[in-house]
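Here the structure is laid out as structure tokens; the discussion comes afterwards.
First chain written, first letter: the chains are A, B, C, D, E and F, and each begins at residue 1.
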Amino acid sequence: MLKENRVTFIACDKTYEEAEFVLWGAPFDSTTSFRPGTRFASGTIRSESFGIETYSPYLDKDLNEDAKVFDAGDLELIFGESVRVLEQVKEMTAIIVSDGKIPVMIGGEHSLTSAPVHVLSEKFPDLEVIHFDAHTDLREDYLGNRWSHASVIKRCHDILGDGKIHSFGIRSGEKEEFYWAKEHIHLQRFNFDGLEETVECLKGKPVYFTLDLDVLDPSILPGTGTPEAGGVTFDELRFAISKLSELNIVGIDVMELSPHYDHSGSSTAVACKIIREILLTFSK
Amino acid sequence: MLKENRVTFIACDKTYEEAEFVLWGAPFDSTTSFRPGTRFASGTIRSESFGIETYSPYLDKDLNEDAKVFDAGDLELIFGESVRVLEQVKEMTAIIVSDGKIPVMIGGEHSLTSAPVHVLSEKFPDLEVIHFDAHTDLREDYLGNRWSHASVIKRCHDILGDGKIHSFGIRSGEKEEFYWAKEHIHLQRFNFDGLEETVECLKGKPVYFTLDLDVLDPSILPGTGTPEAGGVTFDELRFAISKLSELNIVGIDVMELSPHYDHSGSSTAVACKIIREILLTFSK
Amino acid sequence: MLKENRVTFIACDKTYEEAEFVLWGAPFDSTTSFRPGTRFASGTIRSESFGIETYSPYLDKDLNEDAKVFDAGDLELIFGESVRVLEQVKEMTAIIVSDGKIPVMIGGEHSLTSAPVHVLSEKFPDLEVIHFDAHTDLREDYLGNRWSHASVIKRCHDILGDGKIHSFGIRSGEKEEFYWAKEHIHLQRFNFDGLEETVECLKGKPVYFTLDLDVLDPSILPGTGTPEAGGVTFDELRFAISKLSELNIVGIDVMELSPHYDHSGSSTAVACKIIREILLTFSK
Amino acid sequence: MLKENRVTFIACDKTYEEAEFVLWGAPFDSTTSFRPGTRFASGTIRSESFGIETYSPYLDKDLNEDAKVFDAGDLELIFGESVRVLEQVKEMTAIIVSDGKIPVMIGGEHSLTSAPVHVLSEKFPDLEVIHFDAHTDLREDYLGNRWSHASVIKRCHDILGDGKIHSFGIRSGEKEEFYWAKEHIHLQRFNFDGLEETVECLKGKPVYFTLDLDVLDPSILPGTGTPEAGGVTFDELRFAISKLSELNIVGIDVMELSPHYDHSGSSTAVACKIIREILLTFSK
Amino acid sequence: MLKENRVTFIACDKTYEEAEFVLWGAPFDSTTSFRPGTRFASGTIRSESFGIETYSPYLDKDLNEDAKVFDAGDLELIFGESVRVLEQVKEMTAIIVSDGKIPVMIGGEHSLTSAPVHVLSEKFPDLEVIHFDAHTDLREDYLGNRWSHASVIKRCHDILGDGKIHSFGIRSGEKEEFYWAKEHIHLQRFNFDGLEETVECLKGKPVYFTLDLDVLDPSILPGTGTPEAGGVTFDELRFAISKLSELNIVGIDVMELSPHYDHSGSSTAVACKIIREILLTFSK
Amino acid sequence: MLKENRVTFIACDKTYEEAEFVLWGAPFDSTTSFRPGTRFASGTIRSESFGIETYSPYLDKDLNEDAKVFDAGDLELIFGESVRVLEQVKEMTAIIVSDGKIPVMIGGEHSLTSAPVHVLSEKFPDLEVIHFDAHTDLREDYLGNRWSHASVIKRCHDILGDGKIHSFGIRSGEKEEFYWAKEHIHLQRFNFDGLEETVECLKGKPVYFTLDLDVLDPSILPGTGTPEAGGVTFDELRFAISKLSELNIVGIDVMELSPHYDHSGSSTAVACKIIREILLTFSK
């Protein structure tokens, strides 16, 4: 008798019970103001993940042996309904968190990040956020939409308050956003300078890690909605992630891959490798 | 002194005052359930329209001489907020209609059609709709969203009631939609059979014409969100449009071109030519 | 607790026990002489199948209600080793056939067809083959490789002997192949003329149906390794398949979609719709 | 000892001395007003020609046995210098014609056609032209450039005078061009109606055959600079060419394939097959 | 009443009278020897410019507040007629210069640069040129065409004489060009070494700045006609431009983006960001 | 009389007799496990090589004057038959080697490298291999296929034994491969550290140089079957090659370009430039 066709990110084939991490896809891009398509990211990442190895020569660890990940597939989200979609993501996160596991969301657009941050902030009132991105994402609203992907870090600030968000790699935004940031969050322009000090301060605290892949230079990752020149290299990002290994990470997301603008497939290959490094870095 | 850079669909450069038709773009695709990208249609159609001629050898008429069209550019719509976007489209339509001109909307996704139908039905209580499409678009809702592009003809029926909608070319939908249609609208499967009789019945009445470009076979128009094999040819569509010339058309839309899936540019060229034929057919 | 991520062709989610058909993917293209890439077909077909409806307005039947199909996922085939791959496909077919179910292989390149034909000919010594294709596929070998996709119908003839193969739509091949065909198989050039008579003759006999999607015109299905102008339309193919409904079909394959040459996605959408029509046509 | 790498259109590998036809590429597109790229046609056609068969099942003839063609490679043309490029093409044609062979030019943009027509009209003062195209190409000039591809048939008329040009399939142009044509050339709109009568009239006379591939519908041949909906099918074109077999063809060109807009490769495959049919039709 | 559709580069919407800079597009690529398509650059740059921010975090300046730019749209240039096109560009430049404004040309191919240099050298006899490029562009002619894009810097030298041209980033050319350069211009291979000294020398003099975007590495900007590996990074280019801020810039061009080879859109995004930085750097 | 159409890599047009190097193409990719397409590399490299210059400003040498290369065109290899294809490549290499010339193979997939290594090891029993690659390629077999491209360096080790292979740039592979490598070959992870010492050791010995182009970062060379982030830059690779100039190179290959994933053409341009640098570096 033949078996059902189970599809996962490579080597993320543990059972739900034994899993430390629960990875799932959030195919949603309705508020994307420039070029949509991040809805295709999680599906493409799964199938292309079989082009990378499970072993990391950087960390000398292997997804098969050193990580326990359950891949729950994709949520079926309601296009065009931001508010209800955020509720759907909250429900998903709540299940995983209440089972004592770490949620790993594969976006989809960045706006979704406020949902797991909301859920986790209820469990961990002292939650902090590490944020790697090209864009500030600090608009109060975008054309009147408060749930736009251009407003997501502002929404996280609504939840967490001043001083809890630590942004790195930021190189694009409105003038007002950069000036507002100076008083309300920690914002490092262009690169990862100061990351070690931040890690030192956050040790022991619960931390959510949100990665907008467009922090990478578009030469490394052209497949994203709003390519923004002047970004970090793959090795800089990989090294920055490895520095987070001593933190108490309680939730993760990897957002904004847009595969239809990735004609060579190399952006997706980068995303897969970064996800592997993240899972191996934070596995215990 | 140099002039400002005015950009229009080819030869649609009349003043607002002298115009019979007002064309505008509605770049919105947030409820699109499969592949987004119709937001790029109106901009691409304008720039590529300079690849076609203003003269139609089919009709022996020329956009320069035989049509008075003002191109108002694109609306700036709020991604991810269907309900508010429909309000924006209603406002635009209301201005044009109150000035005694005929609105011509270039989509964008099909969900927007309910907005001008709503506005026009207030001015013309006996409004009828001619609908060319591959899909029924008759779902009550799609994953709970009543304003989805898969529900737009159902929303028009909410406004107009039984017997006022005349669909042609339909070749895809849920079983329930096809069965529901039998009792509430006129639905011609696969082709334009019966169009002449319909036109005969509708003479003198105010008619809205909504064209979902995916009524064309994907070999003719691959650049659309949900390509659906078994469609009509360019000549069949062109000929069907010409049959509508005796109707009292009070509003028009041309929807669902998705240029990023049109790598050869031929889908956009088809859309431009169809828009030219529509404008020349209905110009007085 | 969350469920595993099961992935199937749309609505092919029955259990193995209750299934009448077992569908699986055969991602192999190592002998392809011109442009490879059919290895990507089965995976792409599954994910894109959610863009079509489960209901066929042509047949008034629905995959959810009227077909019992189990999707077994993809075989993991050994690239570069034709002979061993054919063994792998034979094993898969043998399991399904011995369980009294009908195998439905999604290629991959056409060379694989000889494997299920071999297995089924042992169970059904009077097996006949209906073959829709653009190409003769009757070379004794291709550069010395007898298992090339250009030789597959010749290999089927080795198994079945004269008069058992019925080819339609053929419009490309070497001169020798066309002349050889006249004495050994039934070959209809360019179209489906004579299909009804063939069906009449084959009634009651066990029949294998092999569909090389390049029988379609490249305007309908550009996404294939060797596009061959002058092919049949979607409606001609759909109608030809419906004519086979009275046959005793014991095995099926649908081969040679090459998604990386299908930039608009319309070839894959055609393939999905054809597979739906095939499953609904042959379901009892 | 290894041989040099000779590259030809498939089976066009005869010596110059024994050849009846001399085929060459003219990679030039500097006057193209919309989308350039036909410069890539001849190179791409040669390499992709190995994807078709040498045998035509339509004509039961084979390029290996039934045609004697020498492929002279590509001319190196001076981009941006229309007048000098036309001189280069005239020189090439003159060599071939003076050696009693038939020139077969693979474009490149259509503007080049006036060069071989000029050369051949000197040898054959009663030269007639058969012209298949989507566009009239009858502008006196395009933005002041008399050698534009939009003016090429007007330039041929300058050479040949009234009544010598026979255009078919025309479906795009300025109003003035269509009206001018009525008095000076034979112009059949949209299709090949009347071709048989034309062939009857031209029997015995020297005829130049110029084929702008955009006469085909863009669904068949999207890879061209100015796709123009409403064109002929592959079978209609193939059949029209076969009707020309009784004419005394003294020169041929096949123009306006633009491979970079042909992402699936099917446009190039169509062009290759049409060239095969042309060579086999006119071979003696 | 609705307004006309004015289209500009983002925030370049000042009136002609108040503008300090006049930006316009020069869609011409007829002499391009390898891959054409720069004709599409200016149109694409305008529409994609809405994907970047008006604010530069590098310069802490904003296009809305800190720059006065009028966008005059595109010139309609005569394809295939280099000499006449250069006259058209000269006329455009002369208008702007005589109105005391700074011309900013968006190419188009590099050959056009000699036109504004010619016009400006008449007003400023001591004009110097800063030239960033991958290629020497110093051929006397290319296949006999003196106005080719491969000869443009040689043409500028014809106008300006020895020692007035300062090239940086050069990594490709004929041997003779590199040797000739040693005696007639300042040419820095591969990078921007020595730029500060050059700026020091040129202070107070009128300077034309011509930027061939292929000075960037193809990983940063693949969308160009002749990608040339080994180029500078985005940050290196941005920093080099900022060093020019103290110069008396009297004319600017940004050339050779070819959007049809930029499938991810990231090359265009880079070009937009560079144009923003240039406008903000040189605004007073 | 016109000449035959000889096609070579730019300036590789010497006669076989006078040549020091013999370059040929090996279009084979049947064992490629992820994305095929390297079969298209050699043909594309030849035609695109005319976009680069023959002169290297890095080496101040020119292909026309400083290198004697004969281009023998492509082998016609048997798809799907690894073992026989390796025999074909061995035969080709043997001819060239026996004529005292240096073979330069343009792949095609990396599996072919074992063929020239086998031939050369018979002539030079003390042969060493310099190997630049992203991947270990040290699997004993891949799904049972010992001749897979994932096993090629293991096959070379079968021939040469311990300590003769020197791998650089390796950043992907199975854990077992990395551990096995420690005892049997020299493997430098990620970069070219230690290359100078290796060169010092190998001076005077016969050395085969095999370059898998995916050693480059995918931002530089996206057009390859398995893009692997974190690679070397163009300048790092170019500099590493220049360091090899003092070695006694007896054979060369350049493998794994996959042009159909190189939509901008920049990967092919990189490959051409690297081949030029290699030929100029090793020419005497």
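Everything that follows uses one rule, which is that a residue touches a chain if its C-beta (ideal position, glycine included) is under 8 Å from a C-beta of that chain, and two chains touch if they have at least 3 such contacts.
A quick note: this is a predicted structure, and the numbers were derived from the prediction, not measured.
Between chain A and chain D, the least number of touching-chain steps is 2. With steps allowed only between chains in touch, the distance from chain A over to chain E comes to 1.
The most distant chain from chain C is E, comparing centres defined as mean Cα coordinates.
Spacing of chain B relative to chain F, judged by their CA centroids, is 55 angstrom.
For this pair, chain B with chain C, the centres built from the Cα atoms lie 38 Å apart. Among the residues of chain B, those touching two or more other chains are numbered 217, 219, 263.
Contacts between chains, counted with the stated touch criterion, involve the pairs A-B, A-C, A-E, A-F, B-C, B-D, B-E, C-D, C-F, D-E, D-F, E-F. Interface of chain C with chain A (complex): residues 1-8, 16-17, 22, 24, 43, 47, 70-74, 95-96, 99. The residues of chain A lying in touch with chain F in their complex are 50-55, 57, 60, 62, 217, 219-220, 234-235, 238, 263-266, 269-270, 273-274. By the touch criterion stated above, chain A contacts chain E in their complex at residues 34-35, 170-175, 178, 189-190, 217-219, 222-223, 226-230, 261-263, 267.
Residue ranges on chain E touching chain D, taken from their complex, read 29-33, 36-37, 39, 76-82, 84, 111, 142-145, 147-148, 260.
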